[in-house]
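Report on the following structure.
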Amino acid sequence: MQQVFKRPVSLKDVQTHFCPGCHHGTIHRLIAEAMDEFGVQQRTIGVASVGCSVFLYSYFDIDVVEAPHGRASAVATGVKRAKPDCFVFTYQGDGDLAAIGTAEIIHAANRGEDITVFFVNNTTYGMTGGQMAPTTLVGQKTSTSPYGRNQKKDGAPIRMAELLTQLEGVAFSARVAVNSPRNLMDAKKQIKKAVRYQVEGKGFSFIEALSACPTNWGTTPLQANERVGTEMCDYFKLGVFKNRENL
Amino acid sequence: MSKRLFVKGNEAVAIAAIEAGCRYYFGYPITPQSDIPEYLSRELPKLGGEFIQAESEIAAINMLLGASATGVRAMTSSSGPGISLKQEGISYMAGSELPGVIVDIARSGPGLGGIDASQADYFQAVKGGGHGGYHIVVLAPCSVQEMYDLTLLAFDLADIYRMPAMVLADSVIGQMKEPLVPHPRPETVLPPKDWAVRGKGGGEQRVVKSLFLGDGELEAHNWKLHAKYGVLKEKEGRWEEFQTSDAELLVTAFGSAARIAKTAIMMAREVGLKVGLLRPITLFPFPEKAYAALTVHCKKILDIELNTGQMIEDVRLSIARDAEVFFYGRPPGAGSLPTPEELFEQIKKHY
Amino acid sequence: MRHDVFIAGFGGQGVLLAGNLLSYAALIEGKNVSFFPAYGVEKRGGAAMCTVVIADGEVGSPVIGNPSATVVLNQTSLDKFGQKVKPGGICIINSSLIDTSGFNRDDIEIILVPMNEIAMQLGDARMVNMVAAGAYAARTGAVALTSLAEALKDALPERNHRFIPANIRAIEAGAAHAGFEKS
Amino acid sequence: MAKIEIDEIRCKGCGLCTIACPLKLIQLSEHINIQGYTPAVMTSQGKCTGCALCAEICPDVAILVFK
Amino acid sequence: MSKRLFVKGNEAVAIAAIEAGCRYYFGYPITPQSDIPEYLSRELPKLGGEFIQAESEIAAINMLLGASATGVRAMTSSSGPGISLKQEGISYMAGSELPGVIVDIARSGPGLGGIDASQADYFQAVKGGGHGGYHIVVLAPCSVQEMYDLTLLAFDLADIYRMPAMVLADSVIGQMKEPLVPHPRPETVLPPKDWAVRGKGGGEQRVVKSLFLGDGELEAHNWKLHAKYGVLKEKEGRWEEFQTSDAELLVTAFGSAARIAKTAIMMAREVGLKVGLLRPITLFPFPEKAYAALTVHCKKILDIELNTGQMIEDVRLSIARDAEVFFYGRPPGAGSLPTPEELFEQIKKHY
Amino acid sequence: MQQVFKRPVSLKDVQTHFCPGCHHGTIHRLIAEAMDEFGVQQRTIGVASVGCSVFLYSYFDIDVVEAPHGRASAVATGVKRAKPDCFVFTYQGDGDLAAIGTAEIIHAANRGEDITVFFVNNTTYGMTGGQMAPTTLVGQKTSTSPYGRNQKKDGAPIRMAELLTQLEGVAFSARVAVNSPRNLMDAKKQIKKAVRYQVEGKGFSFIEALSACPTNWGTTPLQANERVGTEMCDYFKLGVFKNRENL
Amino acid sequence: MRHDVFIAGFGGQGVLLAGNLLSYAALIEGKNVSFFPAYGVEKRGGAAMCTVVIADGEVGSPVIGNPSATVVLNQTSLDKFGQKVKPGGICIINSSLIDTSGFNRDDIEIILVPMNEIAMQLGDARMVNMVAAGAYAARTGAVALTSLAEALKDALPERNHRFIPANIRAIEAGAAHAGFEKS
Amino acid sequence: MAKIEIDEIRCKGCGLCTIACPLKLIQLSEHINIQGYTPAVMTSQGKCTGCALCAEICPDVAILVFK
């Protein structure tokens, strides 16, 4: 009898600090698997953002630079320009990338930096206690939208995976989810494609991964997982929005 | 006489950066420092380097953070509002113990203010405008030649002490053209950058970060940084003394103000007034010893700044307790640059 | 020997180029020199000024309160800086654009040069600054006209070297005019 | 025949594996682990097909699969 | 006893803001101040006010600038990295003479650092972390009640002096819950806001700006601001004295450190040591007079800060020349908060 | 004989500091005409940005707030929320809005702030001396792209008028030019429409006006004017890209 | 009278709620009180701690070096803070998750309460904190159990008031257990 | 019949009006104004139709049109 499922070597064998049912852990693992598959671990430099994923270096067995909140794609630009042969990726939350980091992601994407960006959208600011994010769904109650997000006042949730496709520099953009075996298997595929794009020097690749935040949503892990597949997928459609190979 | 170039102070900075082996520049346009990016956008590509005009000063300082984290020599430059925007990034670099050179060709403020020569950003540069109570090396050139020499020094000190180093000047020094002799980069023994990220390549994992959560970790980290600042004060303080030996009035000023004051002092000497100049070249570390030593005998100090009084605090904290400090300041703005004649009047007044 | 000159006009009149030209000429003559420019907000509009200090020994302060020579290319510059000229100094005025009726100083030498007309006659209004440089050099001897001519290739970007002959004519015209005024 | 191993210390009892398993062979136990969670347990190892869906969906890589 | 609420210091700030008539809040989430936006996002809409969670701290400070320019009372709040990002905006507000309240619940740094109580942002707040050499009012509460009282004061001082006012605290004061008596807003005569933009409506054009290009304009503007700072020092310095009359050792500390030190001083008094506390309540203006007065007799001062030494510079610049200053600092970080027992040891050491 | 063309009252009767042939002046006038037409001058608050248009208050006879570089739309948000009955507009250059101000414009637009944004695209940083802007055309030489903008390294020019249409909050977005009588007459129309949108409370309206910068392009005013109609219009297509009234 | 207690566990164990509950109870009894929480980075994971000081007079410092009472809900908390308990003080330990074999102090009173089991028996693991609060109150008399029960409506958000009866049972169970241990 | 008035002091000599005028009635003069520019001049006032295109395109609002 042999092992058919094992922990990827790029992922350290340690306990994470993530809450029960948080998808960050799953997304971490899928990225690690892709790194294993393309054998890039030894030449990878990851850029951690500020959010629940700030401990990137504790979980991935790779070199890591910690970026100020929202600036991961600018930091990654500096890293990649200085180390063009390294595999460089950022891992950013929705507050980090879609709010404070808006200018940095738009311009890194527009320059077509040869990096891979993993964008984890859980419709809230996790680490700081569940405030409204640019991705918070209309009507969703958070600690700073106690009456639910009001589109008239707060605007509609931003769809980053679609928005970025407008920029010439973007080679690949897709939105995935890991809430069900089916979505997860597709997420695997897209994440590997995003990694391959950089490995092949095809340019800026972007993965938006929908994620559950049971803690700040105030639900059980199972309810949160459920919500990802329903409410979230309704508004944030899964799919590949740009794929230079098909252009 | 060896070959003399005739260039702006800003260009001298750019020429020195290249001589220092800096091949990565990240910046955003702002007057009066734009000659630096303009020069480097021309030259770096020829040398296989990278010039990126960032989308903002914030992006620029963070690109610098990323590049420095890989161990290369890199820099940014800006002024006033742009330097304010970089404060968070500078704090992160200081916290992550990253080298990197930041050139500040200061302009007048607050706010949009104007573009005239200013020394009103002394506090921001020297006390740490960002959060967390860190310090960075701050060098204050007063000639085109020094813009070149101190930029070379900034890169070395940044690497040796693993902290950001700032070259602080203004439009007088940055826009002024003077002859420059571009000496080759001095031989300095630099510590290996065994902390730089590079892709493990089978080696140890390396992490560049400023987050320290373990019990006592962050405090220990802060004491470690504090200790470095102590060493800097011990070993790296630099200053110029001009006719101080017999001085009965000591003028102190840095950068552009010192440059103008020097002529005023010459005028004073011409009429027989015993006046000298103490010019700090390193603003951080502040050359406390020089002040303590000189004020053992000379008890009158005239501090001249292009602001309403900032360096004067460090002067007062450094001098002998019984010495007296006078202040003459011109906060910056159009038409507010003092003339040698004007400073000469002040010298006569306080002599 | 020590010469300091303050040149002022509005953006676009080539004030800074004139100052640069004088500086390079001084450099060619092996002298020390500092060239200190200043202009209005950021880059647009407003005034453009520069101070050039030429010395055999140390230059010292790049800014001067009362320059021994001042060259003004437009009205506001005269109104603003005319009074600052050091007693015994000289003031060279672009009479094409400047009404000097309101300007009466008998403690300095005033030289009127219709710089725009001269430049236009030579075919390009933009050469006003060359006329000014020529006039200043001829009048003060701070640098030789030949040095000015030679300095043009340092002061002008490669792409404008084709204008050097025209510029030399402008410098000489300015010099001639100032020279003529002299006697 | 196949089998899974659930790391009872790493498991946070989120329950995702219990719904991922097509045969619903996994449940959350009653007792609490050192972390204070009720870990998942395999109810009938024998029936496991080794599809590894439980392991795939586990955010904490707490499940290993053998076949 | 009048009704007591039991709330966090942060909530006291939010309650006070509403009592002060502030109806506009612009902010971005950051620990440890999030209770403020969370409270106001609940309450402001009920009062017809506006709560905007901005896309960043930079957007937030500039929304504040815009709202304040119209004459309404408005505020923002943040911490460490966020406050660093606001420096440019704060400089613009200072340059444009705009009121507006900024709450800084400081955290440990530099960089990401941690979220523990810190006083390492004293320099940034007091010396002006932004460009241009301006100052803002800085108030340092040491209890939940003072968080409320000083927030009310901050709004008044901001309006009276037309400058930004900061409430500077940390997680000890911000996260701590204590009983609060929410006094009604004091009656203060405030100057008319005849400078606020409102749409001319046939009146004079009004412009809120910090750009001054006319000859001498910016310098005059800077001297004007400088004069205001002088008036502040004259009239608005506030401090608390605790058992100073017979003190042979004067402990000085602000905010959370003062709160802990007070208990240490009680311990000292219990064993008969003549120790007193001088607690600055206004960090800018710094209560120089109090230090000068008290050090006429008491020549030993123990300065205690949650950093490696910042306020100590202002202390040394304020005291009698022959007084001696000792320092005890704990740079912030997990597990580095000093205990009363610990400070008592320091008191004994220097007594 | 009566006057058929006169200076709009919202525009002060003063000399501007703009260079000869600069379109800022023309764009100023068209905005002033629109303000006159809708009679909003007395209740207008303009937000000036940092750039060659920083002296907005010297030319428009209205109340003005000066914003830090790039932050005009955040400042305008604060102004409008506090003064909902005022007509609030920003006037921003391409460096100001499309580079440093990216996050602020995207989020003000996404919130659907009820303001009008005039975006002047002259493919360069004018005031600071002609550096490369996010809108600089590929191959265009500037003081910081001396070898011409390199798409591989610097990315392609950003089309803001199109990009913003992706955001729900945007009610109106158009690109205009004032280089020829024909374009200018259409520009008039669109600018008035943008103003009307706010007057009628229809939401965020955006005008991108192509503009000439002879000084920094190193051309004569006529050559610069020519370039706007050719090179610029080729890449930056004129037209209305979003118009809520037609949705 | 003066009581200070330090409560520690990991995020999610409701340490802060327990501290709040004690504070509100003290308030109800007309006492002065300060409640000082502390947790790991930002919000996630790591430790959660709080100090509650209850006094008739002035509270003074909200932080205490050597608390007279300490309640630890998980292993790391005991390892980290067990030694800090003031000699003569008491330490209440959640024996469900904590192995006390390594912890030997004979200068303090050690009380073992299997808080998780007790909470689970009452149907909800999340009530561990209530069990702890009950145990502390019963053991020290800092506040009356009745005050604790009454304080629940202040300490719990409206939406959780339906859990009050269950929480009261948990408090009493904790008190009973600590009480039982006592004798 | 119509006529235009060119403010010779305001005019910056950019020449845009000279191409905007459908009848090309406007030219730049030889002489320089106080600003140092060569201002535009109307060559044959009589032919002006008052279409105002010159005024519309003038960045400096230096042309007024009467009809």
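Residue numbering begins at 1 within each chain, and the chains themselves are lettered A, B, C, D, E, F, G and H in the order written.
The definition used in the following text is that a residue touches a chain if its C-beta (ideal position, glycine included) is under 8 Å from a C-beta of that chain, and two chains touch if they have at least 3 such contacts.
Predicted model only: the values in this text are computed from it and were never measured.
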Required steps from chain D to chain E (each step between touching chains, minimum): 2
More contacts between chains, B-C or E-F: E-F
Chain separated most widely from chain E, comparing mean CA positions: H
Separation of mean Cα positions, chain F and chain A [Å, integer]: 35
Centroid spacing, where centroids are CA-atom means, of chain C and chain E in whole angstrom: 54
CA centroid of chain B to CA centroid of chain D, Å: 60
Rounded Å distance between chain C and chain H, as computed from the means of their C-alpha atoms: 34
Multi-chain contact residues (two or more partners), chain G: 12, 40-43, 46
Set of chain A residues in contact with two or more other chains: 18-19, 54, 66, 68, 99-100, 102-103, 106-107, 111, 127-129, 134, 153-154
Residue numbers on chain G that touch chain D, as the complex places them: 10, 12-13, 74-75, 96-97, 116, 120, 125, 128
Of all residues in chain H, those that touch chain F in their complex: 1-3, 9-10, 12-16, 19-20, 37, 50, 52-53, 55-61, 63-67
Residues of chain E touching chain A in the complex: 28-31, 34, 37-38, 41-42, 45, 51-53, 55-57, 81, 111-112
Chain B-facing residues of chain F, complex: 50, 54, 66, 68-70, 95, 99-100, 102, 125, 127-129, 131-132, 134, 143-147, 153-154
Chain H - residues contacting chain C, complex: 30, 32, 34, 36, 38
